[in-house]
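Both complexes below contain chain A, partnered by chain B and then by chain C.
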Partner chain A sequence: MLLQLRRTTTKYTAITMTNLQNQLAYVWEALNRAVFIVLIMFVFVQLWTAVYETQGATEIAGLSLQATIWYFLIAEVMELGKIRHDERISEEVKDGSVAYTLTRPYNYLAYHFFNGLGETAVKMTLIFLLGLPLVVYYAGWPTVAPGQLLPVLLVGALAMLLDFFAFSIIGLLAFVTEDTFSFRLIYQKFVFILGGLMLPLDFLPGWLQPLARVLPFNLTTYAPAKLFVAFSWAQFWQILGLQILWLTIFGLILLRQYRWATKQLVVNGG
Partner chain B sequence: MSDVVVNVNGLAKTFQVKQKAAGLRGSVRSLWRQNTREVTAVSDISFALQKGEMLAFIGPNGAGKSTTIKMLTGILYPSAGQASVLGFTPWKDRRKLGYHIGSVFGQKPQLWYHLPPEDTFRLFARIYELDMAEFQKRRDFLVESFQIADLLQTPVRKLSLGQRMKCEIAASLLHRPRIIFLDEPTIGLDVVAKQQIREAIRYLNEQEQTTIFLTSHDAGDIESLCKRVVIINHGRLIYDNSTSALKRQYLRRKIIDVRFAEPLTEPFALPCVETLKQGTHGLKLEFDGRDVPVETVVQQVMATKPTQDITIADPPLEEIIREIYKK
Partner chain C sequence: MMKRIQAELSFLRALIGVNLASAMEYRASFISQIVGMFINNGIYFVFWIIFFNQFGTVRGYNMDEIFLLFAIVTLGYGLGFMFAGNTRQYMAYLVAQGRLDYYLVFPRNLLLHVIFSKMIVSTVGDVAFGLIAYSFTGRFTLVEMGLFLLTAVFAAIIFVGYSVITGSLAFYMGNAQYASQQVTNAMLTFSLYPNSLFSGASRMMLYTVIPAAFVGAVPVDIVRYHDGRLLLLLAGTAVLIWLLALALFYYGLRRYESGSAINVNV
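== the complex of A and B ==
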């Protein structure tokens, strides 16, 4: 039992480490893409500085300008660093390489999770480090207390897992539709608006906020960013509860969907 | 313990293929009205495969070869019929079966493109839960068998197709699969690479009794590796017998090439035998074995002049296969 657990851990760690090594071959490309964060953060800083100046306010919906700038850095790190395995699954189905990835002795979705983890680690680190100097220059160092970092990291990890579940549901559709671009686009737009990527949920109209807060989109992006800049234990427990609820719902959907999708799979190329 | 590795009974697979009329009108119409057509990729095939057998599973493009492999490796669910591979039902026990089978799809890479093969080998060792000491021994054995020692540290993107394929096959054998599915493993390779791969596969089969399930369009692969041939066409199994029986059954024409010790003075002539070429010391004849026995032709040839050398050849296997596909 213990030996099997060790073997399983070693197996999935090896998958992450191999992708990590592979990412190092792409490090310049990843760096180039990560430069985008400097550009987008500069735009956000200018935009929100103008908004706060126009309003003549030191705070909007309880967030200072400094907190808002930090909010966007964390939200962008979460969004840009996410595991994008639905595209990979779609490619596997289109080019037929699913014939390899589906027949190996591991859990197919766990393989994609740990495979994506290596890539995500590189992407998130690069994006954060590149965005950091600009954000520190305009907004100073974050005010998050060291004792609050652990719960924020936990919510961040669950946010990533929840997002992975959502993209797995989209990815497995590729077993039937081959292409998942349109589904991904719709999901991303919900994350942009109701997930807090374009603006924190606190800035949404009052009638929309309660709905946005219980939907899963905000739990993948807004939740860790908001807790990082304005931590409260009450909000932490609420977010944690909702994350667990949506993980359970998505998990159950995935269980059924996986069984269904593998029966529907048509592999191209013979 | 039974030596049957693969047992297929009435296996069938049909797909629904979307149909769309050409042009913009067709595209618009397909938005709300989708027509589908049922395509039978595999229809009621049955066969069994014994431990250590090397089977050539051949057929023209679209015959159903790859679909059969994908059902036997558990990727596709069949529409009807049963199959058992090493006692497992592939599509139900895909993960368990994964520990015991290997597969190589000639046109699909499995090695990590930017990493050297050694890194993929190490990853596979973990995925297949191999003991690392055992893995190293196994890797050394395969490195020697496939002669890939100098390729292990080179990123895959820098390898030639032949070099990559040798590494691909070696990677699939790391976990000592009891059966390996090779789907066109020599496609696009030069003669030297093909030969090296064939030799390595044959060696593995001899040493470890690994069952080989091979699809290939290359008659050379079939002739040099497989004692048994199964031919599939339009999804149906149309031939299942030994490679030599295939030749005997379909090889009616023979070609005799003779080299004489003394010059020929007269034109050679024998009823039902066509003279393809006649020189001062050489003669090439073609005839149908049903019209005139080989012995008769050989005796007549040898009675003409003292012979230095004589060869009796069959037409290439490729020609036979082409004949069967046409039927």
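== the complex of A and C ==
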């Protein structure tokens, strides 16, 4: 049992490290892609500075302008750094290579997760570092108590996992539909509004907030960003409970969907 | 001369026809990309509706201006890249990989042949969205509708011209795929936000290096205030951007090196 666990750990660690090395070898390309954060953060800073000015307020829904700017940086790091394996699955189905990847001695989805981790680590680091100077210039340094950093990191890690589950459900649809572009787009757009990427949930109209808070979209983006800028233990436990609930629901869906999808799969090419 | 123009136009029509037929070959993908883009634009709309409901007018912009801004930018972007999609990073790729040979051997206008050889399917969704967004503006006089369509066409011409400039950077920089993509994305992103948010150097940038104001804010003002002088300025800017695009492309072509790649276009 222990030997099996050690072998499994070694195997998946090797997958992560291999992709991490690949990403570091092409770090210039990753950097070029990450530059977008500077542009979008600049636009957000201008927009929200104008909003706070117009409202004549130092705080909106409990968030100061500085906290709002930091919120957007963390939300963008989460969004832009996510594992995007559904596109890869779709490509594998289209070119027929899924016939080989499915039969390899690893769990298909676990492979994509650990493979994506390497890429995500590089992407998130670069996006954060590129956005940092601009955010510090306009908003200064955040005040985060060291004791709160660990729960925020835990919520961040679960947010990534939940998002991976959601994209896996979308990716496995490719076994039947081949192309998942529209499913991905619709999911991402829900994250934009109900996930808090374009507006913190606290800024949404009162009637929409309760719905947005229980849906899974906010748990992938809003949750870590909000806890980072305005931590409260009550909100932490609430978010953690919802994350575990949605991970269980998505996990059960994935188990059934994987069995069903592999039976439906028709492999192209030869 | 007229015969030459007619021949070029009929060649472009044939190219557009082939692009459309090829895109529609994968019917499900064709429809899902269009619907997907429509939803994509719709979500930004939802964002602005929530935003203005919560915060009211911000620096002179409210929902009416945003309807008009989105209508012009999405229609202009859609019209431009629906027909002339082989620009930006796609053109930069062709240049950097030495794959222009395929186009060079044809007795046709090189630049037009290159840029009209690709259709961005999702832009059909942008065109549909732009027209529907305009129906929310409540500006239904003939003059306003005429100005809307005219400025959207100018926006399309500017979008394509600017993306020829960014694509041509590959002649000078080598691998300019990311740079051209980022700069063109920047233009689109800035154009969809109220111009009044930006001031100083960043505002200056939107009228020069990244001319987002000429595909968004300036056309909006033309339709709002029926401003003929601004319309002339827009037309002049379109001409200027295309002169720069032609100069950069054809001057850069002298530096072009073939990749000797076997290129089969099906």
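The working rule: the second predicted complex is superposed on the first by the 269 of 270 C-alpha atoms of A that agree within 3 Å, B and C clash if a C-alpha of one lies under 4 Å from a C-alpha of the other, contacts with A are read in each partner's own complex, and residues count from 1 in each chain.
Simple rule for what comes next: a contact is a pair of C-beta atoms (placed from the backbone, for glycine too) under 8 Å apart; a residue touches a chain by one contact, two chains touch by 3 or more.
Bear in mind the structure is a predicted one, so any value in this text is a computation, not a measurement.
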(request) Name the contact category of A:Arg104: first (chain B only), second (chain C only), both, or neither. (result) first
(message) One more residue to check, A:Leu20. First (chain B), second (chain C), both or neither?
(response) neither
(request) Could you tell me if A:Val136 is touching chain B, chain C, both of them or neither one (first, second, both, neither)? (result) neither
(message) Quick check for you: in the superposed arrangement, does A:Leu161 touch first (chain B), second (chain C), both or neither?
(response) neither
(request) With the two complexes superposed on chain A, say which partner A:Pro205 touches: chain B (first), chain C (second), both, or neither. (result) second
(message) Between chain B and chain C, whom does A:Arg33 touch in the aligned arrangement: first, second, both, or neither?
(response) second
(message) By the touch definition at the top of the document, which applies to A:Leu240: first (chain B), second (chain C), both, or neither?
(response) neither
(request) Identify the partner contact of A:Phe181: answer first if only chain B is touched, second if only chain C is, both if each is, neither if none is. (result) second
(request) Check whether A:Thr262 is in contact with chain B, with chain C, with both or with neither, and answer first, second, both or neither. (result) first
(message) Show me the residue ranges of chain A that touch chain B in the complex, using the header's touch definition.
(response) 7, 10-11, 13-15, 18, 21-22, 25-26, 95-100, 102-107, 262-263, 265-267, 269-270
(request) Please name which positions on chain A make contact with chain C in the complex. (result) 29, 32-33, 35-36, 39-40, 42-43, 46-47, 50-51, 54-55, 177, 179, 181-182, 185-186, 189, 192-193, 198-199, 203-205, 208
(request) Could you please specify the touching residues of chain B with respect to chain A in the complex? (result) 15, 61-62, 65-67, 70, 73-77, 91, 94-99, 101, 103, 105, 107-110, 112-115, 119-120, 122-123, 126-129, 155, 183
(message) Considering only the defined contacts, which chain C positions touch chain A in the complex?
(response) 28-29, 32-33, 35-37, 39-40, 42-43, 46-47, 50-51, 53-59, 178-179, 182, 185-186, 189-190, 193, 196-198, 202
